[in-house]
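See the structures that follow.
The same chain A turns up in both complexes below, where it pairs with chain B and then with chain C.
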Partner chain A sequence: MTTVRAFLIELGKTLKLLARNRVAFFGLIVLVTLIFLSYIGPLIWPAETKSNLAAIYQGPSWQHPLGTDFQGQDNLRQVIHGGRVILEIAFITGILTTLIAVTLGSLSAFLGGAFDSVMTELINVWLTIPQFPLLAILATMLKVSDVWLLAIILALLDWPGLARQVRAQVLSLKQRDYVEAAITLDLGTPHIIFREIMPNMMSYIAISLIFAMTGAIYQQTGLVFLGLVPLSGANWGVMLSLAYNRGAIYTVDALGNVLAPVGAIALLQLSLVWLARGLEEVFNPRLRTSV
Partner chain B sequence: MTTTVAPLGVDRTWLARLKRIPLDDLRYLVRSVLKSLFTIWLVTTLIFFVIRLMPGNPVDIFVQDLLLKGLAYEDAQTQAASMLGVRLDRPLHEQYFEFLGNLAQGDLGKSYISRNVPVSQMIVQRLPWSIFSIGTALLISFALGILLGMIVAYKRNSWIDHLLTNLAAAMDALPSYLIAILLILLLCTVFKVIPVTMTRGAVSPGIPPGFSIDFFVDVLQHYALLAFVYILSRTGSWMLTMKSSTMSTLGEDYVTAASARGLSEGRIITAYVGRNASLPLVTRLALSIGFVVGGSVIIESIFVYPGIGLLLSQALYSRDYPVMQGVFLVTTIAVVLSNFVADLLYGWLDPRIRIAGEAK
Partner chain C sequence: MQRYLTQRLIAFIPTLFGISIVIFIVMRLLPGDAIDAMVGTSFKLTEAQIAALREYFGFDKPLPEQYWIWLTSALRGDFGFSVRSGAPVLPEILARFPLTLELAILAMLIATAIGIPIGVLAAVKRDSYIDIAGRLFALIGLALPNFWMGTLIILVLSVAFGILPNSGDYTDFVKDPIANLKQLLFPALTLGFAFSASIMRTTRSSMLEELRQDYARTARGKGLKEQAVIVGHCLKNALIPIITIIGLETGYLFGGAIIVEEVFALPGIGRFLLNGIAQRDYAIVQGTIIFIAFNFVAINLIADLAYAFANPRIRYD
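Entry: the complex of A and B
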């Protein structure tokens, strides 16, 4: 109970600080709006199932605020329906990547010795493998149509960079007096990692989680764009890929059809980055002043 | 006079030079070489088993395809074997060693789709375009990033800092293919500044390659927008890194000492701040150069630019596994090599690293 209350108080403090940081607050508002649109929007505006050949590639109007696509379907409605899968994959990938990276990175730094050398070398080797080509080749074989499977693959490819940073952070935190005191008291590795070291890295981990999400969005929409992930129809990446392959980028009338998914993906990425940068400033007061 | 020169000349043999390299440096070199070789071996092994052992692995599918086309099982296997450069009737470990042996001789197998064309030949044909386009764009974005990063670090908290830093963060966040699609849409379709043909391919059909002005102009016209997209999407990240690196260098004692000694501002900026601040970026540049060999899968696909990236995306589309495998291996080897160079370069550029390593 007390931990929950303490957490809520901390959250409240962070939100108050965030509200003072204009960029972060703006990012947060855009992100929350996108999440609401993607989860509640489909309940209000159900998906169109029929194509309307009389209304192909229309410009913006009251009926279709963002115009229509090559089937005469409303672009705005597709944007509303296409965000959920992207958000889910981004969030799951972000959490998994952070979990793997924090666990392995902190263990590596904390245990040292042979485990640390093996981890460091493994991370070095993993980082030299071209991620996106490997991801693309795997996608041709695995028939990745499941949100979880794609998220797990992305996380397995993405963890090493973050793990290396976590390792460096833990190595420096390990030198602090209170951690050395805990080691002397023999409080046990889990206690030291999760009660002494982790709380001091929470802000850093939160920011890394957001950046892991932006990476996941980049990779999944890229895969969909190349036609390698047969995710179900409602997805901004699929929308963009269809618009591109139908030659919509060479048709002036189809402007809305291309700009709608481009704008949606761009807004999501930007809102995440604004939020992360804002959080960085909030958590690291030295960045706020001159430096 | 001549007698004093002679022993010097003898001394200049490679063995004598090798002896003059300190033992620690040599050990460092040998370790780096071994590490690079190990990585290359690991990746080749990984890709060999991934392609053969995955559910729905391409070798089985290919044999099935040939069987469906009416070939006898034996014939199907021999044909699949000649395509992949492995004999499928052998046990897996023998196939694996044969694959490694072929690889050591530069034999990457043959394409499924362009029958009987060696993969290595396809890669060699596409490589110059990727190195030219992505390579030069990388160098331009690096130089621009260094310059802008230093300017912003010196003018921090001015309007130019806020403008450029926010712009760089935004550009860094946007996937490059969004920038490519937006630019094509705006420049070619809406405002019609650039003809659409300039955004597709590397040269116009009908222009003979050679040392003619027409050819060069045509190549540059096709290159311009692709390079612009790459530079737009990458400069931001270089700039932000350079900014933070410069800001931490500016706080160093030797910079304060240099200005206390009355050195000119220009000399401090170039020789003291710039040189030290760009150190970490140089190793990142060396790494990025390795990735240039792989081209850029999505950008090259959008511009239909005939580099390695497009080759990979075509191979992915048509499930041409020997080509995928070849491109992946060549890219990885290039990255490992550039990683190796980066390691050596860093030790050479920044003696502090070497000395710290020896002190351990």
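Entry: the complex of A and C
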């Protein structure tokens, strides 16, 4: 119970600091709005099942604020329906990437020796392999259509960069007096990693998680755009891919059809970057202007 | 300096070796193989015929042996044959590579030409409107994936100016340089945009750091013009991390080029790879990826060398 309470108090403090940081707060509001729209929106505005041939590629109007697509369906409604999968994949990938990177990176720094050498070499080689091409191969050949499978593949590709940074952080934290004290007291590796070192890295990990999410958004929409993963369901990447392949991109009246998914993606990415930037300032007392 | 260079050169080989193993394993672990893909779509073959095909392409041998055969021939410049077309892979890659390389170089030039001046200006005039505009630019570059950017560029050009980006036949640079550059300008802008944002950010923070240093104050104190202090003293030192970023990101440009080539319909190695993937053509995919990785490592090596030249602490070591 006490841990839960302590966590809630910490969360409250962080949110308070976040509210003072305009950039972070703005990012948070945009992000929460997008999440809200993607999860609650579809319940209020159900998906259109029929195409309306009389309303193909319309410009913005009261009835269709963002215009219509090649089937005469409302762009805004599609944007509302298309965010959920992207958010889910981004979030799962972010968590998995961070988990793998933190575990391997800190173990590598902490254990040292042969394990560290092998990990460092593996990370170096992994980082040299062209990521997007490899991702394209994996996604196509495994015929990815499942949210979890795609997230796992993305995480397996994305962890090395973060692991290297975590390793460097742990190496420097390891030198601190309180960690040396814990080592001398023989408190055990799990205790030292999770109770002494991790709490000092939480802010860093939170920010890395957000950046891992932006990376995942880029990669998954890229895959969908190139048609390398099955085009099914509502998804901003699918929307843009269709807009591109059906020639909406060359039609003046179809502007909304292209700009709606582009804007949605850009807004989601920006909100995450703003939030990460703000968090950096919140967590780093030296960057903080007032407390 | 010689020791530094030797170290870098020696590290080059095991890295490539490691990459080749990882890619080989990944390709073989995936379900299905090239024969399945080839047979499944076109004909019905008997088991014996399939087995004969497997034997012909060497897919029946144990994996370590397959790898050894592939590695020893790759070292001799033989990347194998495409299972689909029967053409040797390396000449096909080399024929398409100049386009991708030109695209990457143009993108890098554009990115540097935009990123460094804006970065320097933003740092010199910190917290001014230029700085805020520059930071906003960097943020947008960071947040917008390059294919959205490409799509937007096509859209703006076709809608606002009524010109369609050329998606017809690609003209070689040697044949007609102007037509060639016209075709590559917008793809290169697309690819270079995100890249310029990261160069701008690095330049800004690195310049801010250098402008604060004692030597900058000394230079100002002895009466040098501000311009000379900024360009001659500070920028020279600030270039060191910028070079590292340029080296790293040029490697990533090859990955980004795949998407941009697809968007603008350019016949580079990115599209070649995508086709190879779609047809499950091992030799093409393996060869292209190794080739891209080789370039990535080579570019990083060049960046390391440039870094050594720019940094006197390494040069005189």
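Everything that follows uses one rule, which is that the second predicted complex is superposed on the first by the 286 of 291 C-alpha atoms of A that agree within 3 Å, B and C clash if a C-alpha of one lies under 4 Å from a C-alpha of the other, contacts with A are read in each partner's own complex, and residues count from 1 in each chain.
Just so we're on the same page, a residue touches a chain if its C-beta (ideal position, glycine included) is under 8 Å from a C-beta of that chain, and two chains touch if they have at least 3 such contacts.
Just so it is clear, the model here is predicted, and its values are computed rather than measured.
Check chain A with both chain B and chain C modelled on it and let me know: fit or clash.
They clash: once the shared chain is superposed, the two partners overlap in space.
Given the touch rule stated above, what does A:29 touch, chain B (first), chain C (second), both, or neither?
Neither chain B nor chain C is touched by A:29.
For A:168, decide between first (touching chain B), second (touching chain C), both and neither.
neither
For A:118, using the defined touch cut-off, is the partner it touches chain B, chain C, both, or neither? Pick first, second, both or neither.
neither
Output check: A:9 vs chain B and chain C. Expected answer is one of first, second, both, neither. What do you get?
neither
Between chain B (first) and chain C (second), which, if any, makes contact with A:19: first, second, both or neither?
Neither chain B nor chain C is touched by A:19.
After lining up the shared chain so the two structures overlap, which partner does A:133 touch, if you call chain B first and chain C second: first, second, both or neither?
Both partners.
For chain A, which residues lie in the overlap of the chain B contacts and the chain C contacts?
Dual-contact residues (chain A): 121, 124-125, 128-130, 132-134, 136-138, 140-142, 214, 217-218, 221-222, 225-226, 228, 240, 244, 249-250, 252, 255, 258-259, 262, 265-266, 269-270, 273.
Which residues of chain B touch chain A once you look at their complex with the stated criterion?
The contact residues of chain B facing chain A are 35, 38-39, 42-43, 47, 50-51, 54-58, 156-157, 166, 169-170, 172-175, 177-178, 181-182, 184-185, 188-190, 196, 247, 291, 294, 297-298, 301-302, 312-313, 316-317, 319, 324-325, 327-328, 331-332, 335-336, 339.
Would you pull the chain A residues touching chain C in the complex into a rising list?
121-122, 124-126, 128-134, 136-138, 140-142, 214, 217-218, 221-222, 225-226, 228, 240, 244, 249-250, 252, 255, 258-259, 262, 265-266, 269-270, 273-274
Along chain A, where are the residues that touch chain B in the complex?
Interface residues on chain A, with respect to chain B: 23, 121, 124-125, 128-130, 132-134, 136-138, 140-143, 214, 217-218, 221-222, 225-228, 240, 244, 249-252, 255, 258-259, 262, 265-266, 269-270, 272-273, 277, 290-291.
For the complex, give me every residue of chain C touching chain A.
It comes out as residues 14-15, 18-19, 22-23, 26-27, 30-32, 139-140, 142-145, 147-148, 151-152, 154-155, 158-159, 164, 251-252, 254-256, 258-259, 262-263, 273-274, 277-278, 280, 285, 288-289, 292-293, 296-297, 300.
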